[in-house]
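Presented sequentially are two complexes of subunit A, the first with subunit B as partner and the second with subunit C.
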Partner chain A sequence: MQLKDITKGNGSMKKLKLLLVGTAAALALAGSAAQAARGTDGDLKILFWQAVSTMNPYLSGGTKEVYASSMVIEPLARYDEKGELVPMLVTEIPTVENGGVSKDLLSMTWKLKPDLKWSDGTTFTADDAIFTWQYCKAPDGGCAQAAYYEGVKSVEAPDPHTVKITFTEPKPYPYSAFVGAQSPIIQKKQFEKCVGAAAPGCTSANFGPIGTGPFMVKEFKPNDVITFTANPNYRDAAKPAFATATLKGGGDAASAARAVLETGEYDYAWNMQVEPEVLATMLKAGKGKLETAFGTQVERININHFNPDPKLGDKRATKEGGPHPALSDPAVRRALSLAIDRDVIVETGYGAAGRPTCNIVPAPAAVASTKNDSWCLKQDIEGANKLLDDAGWKKGSDGIRAKNGVKLSFLYQTSTNSVRQATQELVKDMWSQIGVATELRNISASVYFGGDPASPDTFQKFFADIEMLTNNFDGTDPEKYLAGWLCDKIPSPANGWQGENEVRYCNPDYDKKVAELSKTADPDKRAALSKELNDMLTEEGALIPLIHRGSVSSRSLTLEGVRMNGWDSELWNVADWSRKK
Partner chain B sequence: MFTYTLRRLLFAIPTLLIISFVIFALLDLAPNDPTGDLPLTIPPEVREQIRASLGLEQPFFIRYLYWLQQFFINEPLNILERLTGWQFGDGHRMRVLSWATRSPVVDLIVQRLPQTLWVVGLAYLFGILIAIPIGVISAYKQYSIFDQIGTFVSMVGYSVPTFFTGVLLIVVFSSWLQWFPSVYDTNLEVTDFSSFLAQMRQMVLPVAVLSLYNASQITRFVRASMLDNLHQDYVRTARAKGVRENAVLLVHVLRNSLIPVVTVIALGVPTIFSGAIITEQIFRVNGLGQLLIVAVQGADIPLVQTLTFIFAVLIVLFNLIADVLYGILDPRIRYE
Partner chain C sequence: MSDTTLVSAPPAKASSPARSALADIWRQFRAHRGGVVGLAVFVFIVAAVYIGPFIHRVAPNAINIRDKNQWPSMAHPFGTDNLGKDMLAQVLAGGKTSLAVGFTAMLLALFLGTLVGVLSGYSRRLDGPLMRLTDLFLALPLLPLLLVILLLFRDTLRAAFGPETGIFILIVFVIGVTSWMHTARIVRGDVLAVKSQEFILAAKSSGMREYRIIWRHILPNVLSSIMVSATLGIASAIITESALSFLGLGFPSDFPTWGRLLFDGANFLQLTPSRVLWPGLAISLTVLSVNYVGDAIRDALDPRSLKR
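What follows is the complex of A and B.
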């Protein structure tokens, strides 16, 4: 209130204003330092327009489930809003320097904080971590986070406060198991009888896991609403500030934004996938603001390097079908990238939730390359036209370029989503300016991303020339992600059309560099190698990175302590949230 | 009449079996995948394991027979156990499990039923209560101002979709005036007068949206049916006998006009259970309609299958009820 009145002052009072603002800020800081005790701020109301189905992230894998459960169950360490690891249940992050990671990179040791308690009052021990690993690797359990425990040979407890993880082969980047919101520790006592095929039967445990986090589940209504109460055994006696929390689900993004920004019924709403201008109108009500965080999500255009011609029958989009008649020409791929005005796409479809990028690894800053920004970030229709002219692609009477009877006319597919369709229209128009014709197609997301090998419409099968989607990597290390463009990761009938290399890019040099990366432990060298790999993909036109996508959430102005995080659960520091006094 | 009802009930069994098979086959053929909504960071091998843990690798017919057993034998036994406290076998029966929540589908439905019945059911009731008087007056004073306005409003109510009226009401009454909440609180328990008031307040908007829609539909039926009857010979006879106009209208004409209307209303009852998908979604009532749409989007096939099948049962049942009611209300009609 005070701040608001002051900022209304006119220009001549600038100095006084600044001074007063400073004082107010200092007061606010002092206020938060002398924070009130646990449970004094009433009810925290959170809105997820996609309702939460279960509180066990090992059985779901969906972002909404991972986020919701992060209020209750915690990993050993998390990423903060800068993408740096912070210890949660441990005293420090193990590294080679502090002896936590062995020199041969074959094992790591986590030291648990003393006197940790589960919300039911029992002691938290290393046994629970061992159990969590066993739970996820149990056959027939269908553990959705199994990838986090990949390469783990064993988890042991030399003593109740020490967790020792041994790997099957040297792991230059060992922070995966028990790190981040996707692999939290669950209580052995509660889940002991729920391992493997018995997992789905434990409904009450899956809906109300006992945790070490700031809140515990009071009531869970699947796909509807969760009520939480503050955990009386939480390790920080002054937190959480809220006595209870409600996480309501359902509806759509626009109405969720309205409930925070306009009507003020809710304190926090996740994932505001709403047109920028709609959000701008809602913000005028002055009840809330948007929070943005950028992780590693990149909206990209995939270029098919194989021929997807339906006439090829079974050989369609496979190596046997041969290279793409037009897109195998590097000049065409570069021209397509040059013709795109990424700023316009951000402006119309993304607003605060996106920024132009030419990197497939856009963050964290240490591994984000800037090498190609000079030529790629700016639209250059002239340059693109010249490139195509020089390569022998001549415009026909219909304005479409062709060479040796091959026309630059492409089928461009993506999932059904208003922002994606708007982007398709824009790109189609930009490409028409360089004599490239495009036919647009959109496919329901559950089919396109469904991965059903029998469906011809999945993004992996890629029965089109061009396709658009977003992908990202978890955590801050891109090694596994970059390994997705190895030659042997190309989807084909032999591997059931699975594999991350949808663009069918294959370059032995790239493969060699990835192998080198997997053997390098030094962070600086790893970053340099990652950048090189990233640049190779952009320069050779394996794909066209478009937009670095952020997540946008809205919060009420009365809510304090939100530190929006693109690397972990958005609710990662919900223990620190409080009501503005 | 009794033999007729019995015959129809017996006929319903094969009908429902065929329906259940068609639903199952359609869902199975649909190119949907329960792991389709998961983040792309989850690798394909893990997705394969998830699918296997859901039982998807089994052949189609086996899965269908499992479902039949779970739905027709295990679930009724469970309900019976819960109602009577008896124990059948060891009590460990495979239940129909939702893929998204991994919990029994029937429990989800039971949890959702109250809010759907309250909101959608009440809206249906209000719709009928509003529609009948308007329909009667509109027909009696055909082409009067009242009739014109009534026709206009019902046309608007019928043709403007609920996703428009719903959002409009939220913008006016929640955002501007702040009279009613825009989000329905399914945790609210009515224990005293103030919580009762809160429940009323949060029901106003969704019930209003749906009532308008229901009322406009039924008004048209009442009006048309009244007009048919008003020009019948028996009306003239009644008037000629000197029966008072009120009695002519409300006793003779209305009663006869309601016969087709009652059937229409009975046929509409299953829609109460299937919920109002859009309205529930807009106001976050999270009843059966929202449950169905979330299940469809997430390819939660057991949940979709069970819900749609229950709706099919209700539709078959209420068709029968409508036919029987017709026979009872109109003595001229006899099924033999």
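What follows is the complex of A and C.
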């Protein structure tokens, strides 16, 4: 099939080159014994308990859509399981050292691999990258991944194999556009008429994008099942090992885990949000195992620095409403953190999918601080009690501490999820040991994370004293994420309750350091600054980081080559997957 | 089955007709085997829920992580959950809430349903508007309505009555107000049937006041269907409450109710089946026993059966 295409379309020179590439690939493969040739391992069965609704990640920010589409369309470079960039469609990662990134940090140049082909046989050129950028920035297009193209002034093609990106201002960390599963390259020919308001209407293109990845869509049933076949034009002639792939959607996390671990009906299932002991029971069947990858997700407790008292009416949880009567005391915030036993929370709710942490930036290792681990990772009820005693919070007859008529009694909200409710109960129990009363509230996730400015229950409005949620940052650079705790990012009625600073933390020193970080290019200095900022948040009790959360998926024991990735799509290396012989 | 009926029937017939009405009803009630068993089970559940905590003195919210996911033992007769909380204590505490919610919400729904049903059945003028109101409530989507009610009144009630009582009042009100419609329709139908009978005409022509006609003649005759919908109402109120808790609209998550315990335990069915078994059994037994009791009361109150 592939040979026929070559003889038809190209000159002899290219033929020779391709033959050479093929030989090189074959030689490289001779080392690994398991793989034989493309399409010899039958059908790969994948289960996503949240079904996939589109194959175009630019029209849906959902993780499931991004992951599913990563089997078909690819970015120029992506992150491997260690969080390091690996070239996919390019020859190397541009840096200042190799001249790929300009000295003034205003532009970068990607060199495409030669002879790349789309799955329909046409040639992949720099024009497709330019088109992808235009597609995402088109007005009325509703591009879900617009953030990845922020600060991009222009994308040009000096020649068909070179992509040059120019930025509006110096970018110390330029790897965003065309990097990672969220910003893959789509084919110009296919999407040309689907720009702007026309984008959602192009059903056949959105459901079956032509790509450069190892598989191509054969049939797409929205919110149900997707069938793939191996891409005959994939750049590695020996891959993928599977001839077809089926991605089935629907069900719930527990039943998906069962289908892989207990009955062995599926090879791979994504996102096992199930209590660890339940998974342990399933693992006893011996059909599969769990794969965990740690990215940057941190489950944290947000502490409201403003007063959320309902009596304040429109002023509640805003600057005008004043500081929180109890939580503005740093001793109280420190004591709340000290009283928490993170190990117990990991053991009951997360198992292998969580690690105790005291950092809001827990990874990658280069930017993860260890400064506060000594005092913060360990539960210290006595220390917390002493801290509160010294600060003048005295226990009343009901066992609850109070000072000047203000009681340490907090409303603690989070989304509805059995693991979160268990965590809430544990934390409530721990805080009761230091004389802090807690009232629990759980809110439906669609409302809590819905961002509706009319609802009082969103995590941004934070009409509670304490709240719990998980957040993370994409890629490996935390600058944008850390800028979320700037004074001007505090949600308020003036900005429609938008802004990432839900805890309403405001510290001019912190703001200064973030500004410094945005001007620093040297990776070591950036890491040092990031750590400092991270430590400030923990030490001052802006929030309480609890658990560094991993993503957990399950795979069949007969499936080989899975390298679980917390930085990119979990299916990032699906081309290398094979059946155990 | 037929033997037992024959055996129990003659003494009932043989008793003297001079007994009071209440004793008559009790005698009729006792003749219903299922009703008696149901009453016994129900009294047992209520007694267990209210007296049990004085015998099994373990706090339902005491967390003991070392004893998590235990099977039944002497220390924990129903086992423990994944936080090490004692299941028996939780089922007892949950029962208190579930029964209270079920009964209060049922009474509210019953009151509203009967009021609307009798009024619209008796008065031709009110019939149209009241029945359209019933249709309106039937057509209301429950969940969005609940969300709005919760948003509007949660903070006010919490400030006035505290988090638990506030939510209790809210949930009882919400369930009561959204489940009276079926009772209203059934009662209306019965009232229409009774209204056209001669004894009502006789009462009217004797100059009896309208409200006395309703009170003395109509209500006793439709009591049986009210009773049936009451028993069904308890069941649906308990189940609605558990659905609300599951969606995070109900009580705080550390406040056990039967429905909540059942939902929380579902994932642990393989590991600790008792987490699902006991709350599930409690809900089914309560609903079943109340249904049988309702059946027996209906038979006992039926004027036709009293004549025997």
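In this text, the second predicted complex is superposed on the first by the 547 of 581 C-alpha atoms of A that agree within 3 Å, B and C clash if a C-alpha of one lies under 4 Å from a C-alpha of the other, contacts with A are read in each partner's own complex, and residues count from 1 in each chain.
One rule holds in what follows: a residue touches a chain if its C-beta (ideal position, glycine included) is under 8 Å from a C-beta of that chain, and two chains touch if they have at least 3 such contacts.
If you're wondering where the values come from, they're calculated on a predicted model, not measured in any experiment.
Engineer: Identify the partner contact of A:277: answer first if only subunit B is touched, second if only subunit C is, both if each is, neither if none is.
Structural biologist: second
Engineer: Taking the superposition on A as described, I'd like to know which of subunit B and subunit C A:287 touches: first, second, both or neither.
Structural biologist: A:287 contacts neither subunit B nor subunit C.
Engineer: Give one of first, second, both or neither to describe whether A:146 is in contact with subunit B, with subunit C, with both, or with none.
Structural biologist: In the superposed model, A:146 contacts subunit B only, not subunit C.
Engineer: What's your read, subunit B or subunit C touching more residues of subunit A?
Structural biologist: B
Engineer: Taking the superposition as given, does A:548 touch the first partner, subunit B, the second, subunit C, both, or neither?
Structural biologist: Neither partner.
Engineer: Tell me which partner A:457 touches in the superposition: subunit B (first), subunit C (second), both or neither.
Structural biologist: both
Engineer: A:78 in the overlay: touching subunit B, subunit C, both, or neither? Say first, second, both or neither.
Structural biologist: A:78: touches no partner chain.
Engineer: After the superposition on A, what does A:235 contact: first (subunit B), second (subunit C), both or neither?
Structural biologist: Neither subunit B nor subunit C is touched by A:235.
Engineer: Starting from the residues of subunit A touching subunit B, keep only those that also touch subunit C in the other complex, and list them.
Structural biologist: Residues 447, 455, 457 of subunit A touch both subunit B and subunit C.
Engineer: Which residues of subunit A touch subunit C once you look at their complex with the stated criterion?
Structural biologist: Spelled out, the residues of subunit A in touch with subunit C are 254, 274-275, 277-278, 281, 310-311, 344, 347-348, 415-416, 418, 421-422, 424-426, 428-429, 439-444, 447, 455-457.
Engineer: So in the complex, which bits of subunit A are touching subunit B?
Structural biologist: 47, 51, 53-54, 56, 59-63, 140-147, 197, 199-200, 203, 206-207, 219, 221-225, 227, 246, 248-252, 255, 258-259, 262-263, 265-266, 285, 445-452, 454-455, 457, 469-474, 496, 498-500
Engineer: List the residues on subunit C that touch subunit A in their complex, please.
Structural biologist: Of all residues in subunit C, those touching subunit A are 61, 63, 65, 68-69, 82-83, 147, 151, 155, 159, 163, 246-249, 252-254, 264, 267-268, 270-271.
Engineer: Residue numbers of subunit B touching subunit A in their complex, please.
Structural biologist: Subunit B residues touching subunit A: 31-33, 35-54, 97-98, 100-104, 107-108, 111-112, 167, 170, 174-175, 178, 181-183, 185-187, 280-284, 286, 290-291, 294, 297-299.
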